[in-house]
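Note that the chains take the letters A, B, C, D, E, F, G and H in the order they are written out, and that residue 1 is the start of every chain.
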Amino acid sequence: MKTQIEDILDRIRRGTLTAKQAMNALKDFPFQDLGFAKVDHHREIRKGSPEIIYGLGKTDEQIVKIAAAIVQKGSNLLITRVEASTYAAVKKAVPKAVYNAPGKIIFLKNRPAAAGRGTIFILTAGTSDIPVAEEAYVTCRMFGNRVQRAYDVGVAGLHRLLGEYDRIKKARVVIACAGMEGALPSVVAGLFSVPIIAVPTSVGYGASFKGVAALLAMLNSCPGGVGVVNIDNGFGAAYLASLINH
Amino acid sequence: MKTQIEDILDRIRRGTLTAKQAMNALKDFPFQDLGFAKVDHHREIRKGSPEIIYGLGKTDEQIVKIAAAIVQKGSNLLITRVEASTYAAVKKAVPKAVYNAPGKIIFLKNRPAAAGRGTIFILTAGTSDIPVAEEAYVTCRMFGNRVQRAYDVGVAGLHRLLGEYDRIKKARVVIACAGMEGALPSVVAGLFSVPIIAVPTSVGYGASFKGVAALLAMLNSCPGGVGVVNIDNGFGAAYLASLINH
Amino acid sequence: MKTQIEDILDRIRRGTLTAKQAMNALKDFPFQDLGFAKVDHHREIRKGSPEIIYGLGKTDEQIVKIAAAIVQKGSNLLITRVEASTYAAVKKAVPKAVYNAPGKIIFLKNRPAAAGRGTIFILTAGTSDIPVAEEAYVTCRMFGNRVQRAYDVGVAGLHRLLGEYDRIKKARVVIACAGMEGALPSVVAGLFSVPIIAVPTSVGYGASFKGVAALLAMLNSCPGGVGVVNIDNGFGAAYLASLINH
Amino acid sequence: MKTQIEDILDRIRRGTLTAKQAMNALKDFPFQDLGFAKVDHHREIRKGSPEIIYGLGKTDEQIVKIAAAIVQKGSNLLITRVEASTYAAVKKAVPKAVYNAPGKIIFLKNRPAAAGRGTIFILTAGTSDIPVAEEAYVTCRMFGNRVQRAYDVGVAGLHRLLGEYDRIKKARVVIACAGMEGALPSVVAGLFSVPIIAVPTSVGYGASFKGVAALLAMLNSCPGGVGVVNIDNGFGAAYLASLINH
Amino acid sequence: MKTQIEDILDRIRRGTLTAKQAMNALKDFPFQDLGFAKVDHHREIRKGSPEIIYGLGKTDEQIVKIAAAIVQKGSNLLITRVEASTYAAVKKAVPKAVYNAPGKIIFLKNRPAAAGRGTIFILTAGTSDIPVAEEAYVTCRMFGNRVQRAYDVGVAGLHRLLGEYDRIKKARVVIACAGMEGALPSVVAGLFSVPIIAVPTSVGYGASFKGVAALLAMLNSCPGGVGVVNIDNGFGAAYLASLINH
Amino acid sequence: MKTQIEDILDRIRRGTLTAKQAMNALKDFPFQDLGFAKVDHHREIRKGSPEIIYGLGKTDEQIVKIAAAIVQKGSNLLITRVEASTYAAVKKAVPKAVYNAPGKIIFLKNRPAAAGRGTIFILTAGTSDIPVAEEAYVTCRMFGNRVQRAYDVGVAGLHRLLGEYDRIKKARVVIACAGMEGALPSVVAGLFSVPIIAVPTSVGYGASFKGVAALLAMLNSCPGGVGVVNIDNGFGAAYLASLINH
Amino acid sequence: MKTQIEDILDRIRRGTLTAKQAMNALKDFPFQDLGFAKVDHHREIRKGSPEIIYGLGKTDEQIVKIAAAIVQKGSNLLITRVEASTYAAVKKAVPKAVYNAPGKIIFLKNRPAAAGRGTIFILTAGTSDIPVAEEAYVTCRMFGNRVQRAYDVGVAGLHRLLGEYDRIKKARVVIACAGMEGALPSVVAGLFSVPIIAVPTSVGYGASFKGVAALLAMLNSCPGGVGVVNIDNGFGAAYLASLINH
Amino acid sequence: MKTQIEDILDRIRRGTLTAKQAMNALKDFPFQDLGFAKVDHHREIRKGSPEIIYGLGKTDEQIVKIAAAIVQKGSNLLITRVEASTYAAVKKAVPKAVYNAPGKIIFLKNRPAAAGRGTIFILTAGTSDIPVAEEAYVTCRMFGNRVQRAYDVGVAGLHRLLGEYDRIKKARVVIACAGMEGALPSVVAGLFSVPIIAVPTSVGYGASFKGVAALLAMLNSCPGGVGVVNIDNGFGAAYLASLINH
C-alpha cells in the first residue's frame, strides 16, 4: 500500500490529481473488491513479491476467486495453510500452481523477485517441525532469497547442530523452528552473532500446550538476538527474514 | 419479561388481579413450558422483535419444537449457531424459514420490527471474519435496523478502511469484527466518534488462542468508545447495537 | 483528530493548502509535542469534551506539564488513575483542579460540554466497587451527561435492585460495575431493555483473579444487550455511555 | 472402604483376627482385582448404594467386565459418561441395565437404597444444560432420594425461576446447573436459605472456555451457601447432595 | 431477604398492604441505605444469624458506619478480612467487638443463634492453613454450630489424620482446608461418608499459583462428596456447612 | 552422543585424528542423515539401550525409514505414541516388531540391555491411567529393568494401595501415574522413602484441563521426594527411573 | 511415619500391643501436638535426617516453638524460606542454629546423617538463580551428601558448562536450576547420562511469568532423564536427589 | 564465545595448542570466574560491544564486582534493570558510569563500537512506554547504531504517527514499544516495508495482564514483518535491531 498511497497523496498535493480522480485511483488501484475480499494488487506491482492468501477460514470458492484475480494480473501467488483438496480446486483455475504438501502451501512464480543479499538458514529441532520449516522455505524462495536447511538438529544431540557450524556462521539470518522446550533458538543465539527468527511449533503434548511452552522459552531467551513469531508461523518468520535480508 | 411482569405486579397492587389469577397469568403468559424449555413469548408481543433460539447444545428435535411453538403464535423467528442439517429439520416444520449459511443462522420475519433511528455499520478485518459478521447482519435486520457492510478492511491495508471513511462517519453504531491481533476496533475508535461494538473472532492460530488475543486487545483499546462482546458473538453485538440504535 | 484531519485533507484537495502548509498545519494543530507526549488539543476544540490524561505510569512531572499545556488552551481537564500526591502536584500548576478521592480522578471544567439526551444510570454490586463507579461518574458528568447512581444493589439482595426499578427503566444507558461473580449486568439485562455497559471490577479474592471471573461472566451474559470494558475501567464505560447518550 | 476397614482394624486389635487372616480379609473383601481394575464391593454391602463406574477412558471391554462383576454380587450398578454404543455392549452382559441417553448414564437398581430425608431440587439455566442435570437426576434417584426438576429457569428470565419459588423453598438441597455466565446459583443463593451445589456446565462458546467462566462465577458467588463441583459433574453434585440429604 | 420479601408479596396479594405501603415497607425494612451501602437487617430478624460485613476493599470509615448501624439494631456482628488496625477503629464504636487475629475476623454475639444439629469438623493440612480455618471456626460458632478442630493433619503424615478417625466419623459436616497439592479433601472423602466442604488455601509458592493448584485438585476429587468454595474462603465454607448442619 | 564426542575430542587433542578425519568421524558416526531426520546410532553402541523414535507428528513413511535404519544396525527399537495403523506399516519393514496396544508403543529387543540394580514399581490411580503406565512399562523393560505393576490403587480407596505396602517398600524407584486430582504421588511420598517419578495423566474432564490439575498437584506435593514429568509422559518417567536404577 | 507405623501395626498384629496402648503409642510417638502443629519426630529417629520446617506462612512464634521442640529431642534442624528476622528469633531459642542468607534457610546439625553413595552436582544458569541453588546445597549437605557446585553456566555461554564436563560426568545426580527459558536441564540431559532434577526459578520478567516459562520448558525437555520440581523449590530438588543418592 | 572457542578448537586441531594449554586457555580466556558469576570478557575483545549485566535478582555487591572486573579490562559496560541506589553503588567503583533514569540502565563507553549501516527508529505508543524505549535507546547507542525516536504516536491518534512518515520510511529497522492493545507494530507493519521489532510493554491494567494482551496482539500481527521480544525487553529489542543493522 505504502509507496502507492504516498504517490497519490503527493499527486494530490501537486495538483496533478483532483480529489475525485484520487478517489477513483484509490478505489481502482490498490485493491480490487471481490465483495468478500479486497485484493491488494499493489504490493506485486511495487516489488515483485507474491500476493499472499491466508487460507485458513476461507472457503475453497473464495480462495480460487482471489487466486484467479491475482494470477490474471500476472502476479506471483502464495496461498498458505491449505489442504490438498483446496489445491485440487485451485489447480483447475491456476493449472501451473505448485503445492508443497508438508508445508501446506500453494505457490506460483510468474516473475522473479528482487534477490536478497545473503543466505537465510532454516533449522528445525526435530522431524516433526518440518512442516513449519517448509512453509518458511517456500516463502523465502518466493521472496527471492537464497535458503539453506538443516532439519532435526535439536538440543537432544548438540553434535548434529555443531555439524552445521560453518554453514550457519555465514548466514545473514537464521530461522529456528522448535516445539517442546523450544531451546534451539537460545542455543543458536549463544553460538552465533546473527539475527534469529524463532518459530515455536505446536509439536509436543501435555504441558507443551500446543506450542506455548516453546513460545515462552523463546520469548525468554537469555542470549540476545532472538525475535519471535506466532506458533507454527513459518510464513511470518520467512517474511521477516526476507525483509532483513533485502 | 419486563413490562409484562410489571403489569402483573401493578394489577396485583391495584387489586384487579388476585394472587391466584396472577399465578395463572404468570404461568400462562410470559412463557410456555415445553419441559426441556420455557419459551418466552412475551418479548415478541411487546415489541415485534424475534424470539431467539440459541442453537448450540440443543438437539434438532428440541429446536424444531421450540421453533414451531414460536411460529404458531405468529412471532418472528431467529435461530443462531445451527448447521445446515438443522435447517433441513426446521424447514419441514417451518417451511418459510430462511438460512444464512455463512452466518449459520435461521430466520423468519412474520411482522415488521420497530425501525431503528440510524445506520449500523458492520466491518470485518478479513474475509475469514465474515461468518460472524453475517450473524450480526441477519440479527440487525431482523430487529428493524438499516445496515451497511464493509468486509476485509483490516489494519494490514489501512487504505481499504479509509475508502469507507464517508460512510462510516454517518453511522449511528459500528460493529467491528476482527480476529488475530484484533486491532480494527482501536483503529476505528481512533478515527470516528461513534459507539463501537467490538467482536473478537476466533480467526487465527497458535497464540491467537481461538480469539483470546483479539478479545484482550479489544478490552485494552487505548482510544475510548469500545464495548466488547464474547468471541464470535455476532448476535450479541447486533442485539446491543440495535438497543443503541432504537 | 477526525474532522480536523478531514478538513486538512479537503483543503489539500481544493488547493487552498499547499503540501508544505498542510504539513505545518498537521504539525501545529492537532497535537503539541512535549517530547515525552504529543498533546491532542484537537478534541477539545471540536466538541468541548475534556482532554484526558491517563495517569498510570506517568511521572508527576509529566502529568503536570501536560495538564498545564491543556489548561493553557482553556480546555477542560480530566486526569484518571492518580494518587492524592499527584493531585497536590497538579494543584500547584492548576489551582482550580478538583480531586475525586474514591475515583482517583482529577478534573476541571472550564467550558460546558454538549448535553447528552437521556440519563446514564450507574450501578454497583457492592460497596467495594464504588471507586470504579465514581471514576465513571466524574467522567460522565464532564462529558455533559445527566447521571443517577445506585450503589450496593448486587445479586445477594435482589430487592435492593428492584427498589430502583422505576428509575432504571427510564435510563438511556446503564453502567453496571461488579466484581466477584459479576452477575449484576446479566440480571439487569434480564430485567430492562437498555444498553448496558458492564464494568468488571477487581473486587474479590482467590479465584476472582483480580476481576477475571467477573469479566468472563459479563462476556458470557446470557441475556443480550451487554457490552464489556476492561477491568476497573470506569472511565472507558463512561466514555462509551456518553457516546451512546449523545 | 470405611467401616469395613475399621472392622478389620478392630478385629485385629481385639485379637479375633490374625495378621495373616487380616491380610486375606483385606485382599478378598473390600475389592476384587480384575488386573486392570480393583472393584470395591464394600460400599454396596454397607449401605445399598450403587457401585459406580466412571466410564470415560475405559474400554467397552473393561466396563463390561467390571459391570458383570458388580451385578454378579447383586449390587446396584451406575456407569457414568458412556455413549450409546457402550450401553449396547453392557446390555448383552447385563440385560436389565437402563440407559438415560441425555445424561449418558447406565443404571440398574437391584435393591432399594436408604431413603433420603428431604427433597433434592435440580435446576438448569437453559435447555443445553439438561444432560448434566439428567446425570445428576439418575444418580440422586439411585441413591434413594426424592428429586424435583425445573429446567430452563436461568437469569435471562427471572420470572421463570420465581415461578418455582414455593417448590424450591421446601427443598433440602438444590443442585443448580448453569453454563455461560453461571449466575443461577448466585441468584438462587440470594433468594433461598438452602445448601446449593453449583455445577458449572461447558455450555457456551468463546470466552466461556468450556465452563471455566461459569466455574469462576460460582466460586466467587457473593451470596453464601454455594459449594461447587467440577464442570459438567452432575454425578458429583448428586453424590454430595445425597450425602447432605441422608 | 427471602421470607421478608415473601411476606410483603403475600400481603400485597391479600390486599392488606397497598402498593405505596409496600414500597415503604420494602424501602424501610429489608435494608438501610447508608449511601455507600445498603445494610440488610432482614437476615438477623429472621433467624438470629449475624449480619456479615465483607471487609476487603471497604474503608475503615465505611466498616465502622455499617457495624454501628447493625449493632444499633441489636444484631449479631461479623466482619471478615480486616486488619488489626480496622479492629481498633471498630472497637471505638462497638467496644464489645472481639477480634480473632489469625482469622482476621471481628465478631460480636448479642443473641444466640439457632443451634445446629450435629458437629462441624474443621481440618487443616498444615500450620500455614490455620488463618483460613479460624475464619471458618468463628463463623461456624457465630451461626450456632458445635465445632471441633484438628490442624496440621495433611497427607505428608497420614497417621496424624488417622489419629482423628473416631472424632471425624461422628461429624455431620467436614471443612477441609489445604494449600499446595490440596489432597486432604480427597483423602478424607476416601475415608468418610460425610459431606466435605473443601477450602483451597493460598499456602504454597511457585506452581501453586496462590491456591489454584489446590483448587483444581479439589474440583477433580476422585472420591465423591466434595463441594468446593473459593480460595481462602473460610467464611463461605462455614456458611455452607452451617446450612447443611441446620 | 556423550562419550562418543568425548572420544573424538580426545583423539583430536592427542593428534591421532586430523580435523578432516574428525569431521568425517563426526559426520558418519554419531548420526545418520536421512534428510528429514538425523538418526543417532551412537546411544545404542554405547550401552545397548534402544534407539527411540517419538512417533507423534511424524508420517508413517518417516517412521518406517528411521526404524529400518535403526534395525539395520542391529539396534534395539522403541517407537512411542503410534497408532495401530503405523504398527502395520512398521511391521512390513521390521517383521519382528511388537506392539503394546494400550501403551501405543512399538518395540523390538535385539540385544539385552544392561540390567538395573533394583525394581521399578509402576502404580496407577485408576483404570483409565493404564495406557500411560504401559508406555512406561515397555520402556522400563527395554532398558533392562525389573518392573512390578499395581493398577487402580488411587486415593478413593486407600486400602487398595496399602495392600501393596510390602512390595512397594522394596522398590528402588516408583512411577506413579494419576489424573484428576493427582494425589497418588503425594500419598505414596508420605508413606515410602523412595524416589517417586510422578506422571500426571490427561484422565479427567472439565477443570482437570487435560492433566493440568494433576500436574500442578504433583509439582506442589507437600511430602518431598517427587520429581514430575510431562502429562502422559510414561516414556519419560521410565527413562528417568531407569537412569536412577542403573 | 513409615517404618514406625509399620512397627506399631505389626505389634498390634502380634498382640504385644493392645489397641489402647497402640493409640497411646500413636499419640506419643510419631508426632507431638503443639496445637497449631503436629511435629513429626519420627523421621529423625529413623535415619538421622533433619526435621524440616517449611517457614512460609508460619509466624515467628510458631517456628520458634516447633524448632525448640525438635532440638529438645536432639534432632537435626532445617527451616526453609525464612527471613533474617526469623533467624534472629530462632537464634534466641536455638543459639547454635546457622543461617544461609542467600538460601534463606536455617540449619543445625546435631548428629551425622547417613552418607550418600555418590556426588550431587548443583548447577545454575545464572547468578540470580543462586538463592535457589543454595537452598538445595544446604539441604543436600544436611542429608549427608557430598555436593559440588557450578554457578552461572547457562546456555548463553555453553563453554562455561563444557568447562565443568569432567566433574559433571562423575556425578550421581545433577540438580539444574534455571529461570528465563529454562534450557539448562535439556542441554545437560543432551550431554550426560545422569538423572537430572530440574528446578525452574522465578528469575526473569514479563513472559517468564515468575518461572512458568522455565517450568514448561523443563517439563517438555526433549532429551530424557529430567524430573521437575516446583518453581524455586531448591529444598525439594535436594530431597529427591538425596533419596536417589542413598 | 563464538569465534574465540572456534579459534581454540582450530588451534587444537592444528596442534599448536596441547589439550592442557587449551584447557587453560578456555579457563582463562573466555570468562573470569567470580564464584557467583562467570564474566564473559570474550565478546568485548571480539567486537567492541559492551559486556552486559542483567541487574534484576543480583545484589548490589555482585553487580559492583562484575562491573569492576569488566571495566578493569577496558571494556564497555552496560547494566540493565537497576535502581538509582544500585547506580550509587556502582558509581563508587566505576566513577565514569552514567545512569539513564527512565530506562534504569547504567552504561559506560570506553571504546567505540562498530558503526551500524542504517538508522534504528524507536517508537512508543504512549508516554508510559518511554522507560522501555529508553532502555532500547541506550543499548542501541552503545552498540554503535544511529537512532531516532518518536514517542507517544499510538493508534489513538494516527496523525501523530503519520507525522513521522518520512523519517520512518528511511529507517533500516523499527523498534515499536506499546502496551494496552499493542496495535502499534501492526499499524506500522501495514504502512512500511521494514523489519519491525515489537516490544510489548506492561503498560495497562486489568485485562492487559501486565503486557500479555499486547504480547499476544503482536504475535498475531496480521501484516507480516514483525518479530516479538519479551514484555518490557527494550534491551533485547535493541540487541536484535543492532544485529540486523550491522
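Quick note on the criterion: a residue touches a chain if its C-beta (ideal position, glycine included) is under 8 Å from a C-beta of that chain, and two chains touch if they have at least 3 such contacts.
Because the structure is a prediction, the values reported are computed rather than measured.
Chains that count as touching both subunit D and subunit G, per the definition above, are E, F.
Summarising the inter-chain layout, the chain whose CA centre lies farthest from the centre of subunit A is E. When the contact pairs of A-B are matched by residue number against D-E, B-D or E-F, over half are shared only with B-D. In this structure subunit C contacts its sequence twin subunit H using mostly different residue numbers, the overlap staying below half. Taking the mean Cα position of each chain as its centre, F sits at the greatest distance from subunit C. Between the Cα centres of subunit D and subunit F there is a gap of 37 Å.
Once the centre of each chain is set as its mean CA position, subunit B and subunit G turn out to be 57 Å apart. Work out the mean CA point of subunit B and of subunit C, and you get 26 Å between them.
Chain contacts: subunit H has residues 1, 126, 157-158, 190-191, 206-208, 212, 215, 219-221, 230-231 touching two or more partner chains. Per the touch definition, subunit C reaches subunit H in the complex via residues 1, 4-5, 26-27, 30-31, 35-38, 40, 54, 56-58, 62, 81, 200, 202, 210-212, 215, 230-233.
Those residues of subunit B whose C-beta lies close enough to touch subunit A in the complex are 126-128, 130, 151-153, 157-160, 162-163, 203, 205-208.
On the subunit G side of its complex with subunit A, the touching residues are 125-126, 154-158, 179-183, 186-187, 189-191, 204, 206-209, 212-214, 216-223. Every residue of subunit H that touches subunit A in the complex is listed here, in rising order: 1-2, 6, 47, 52, 165, 169, 190-195, 197, 215, 219-221, 224-231, 235-236, 239-240, 243-244.
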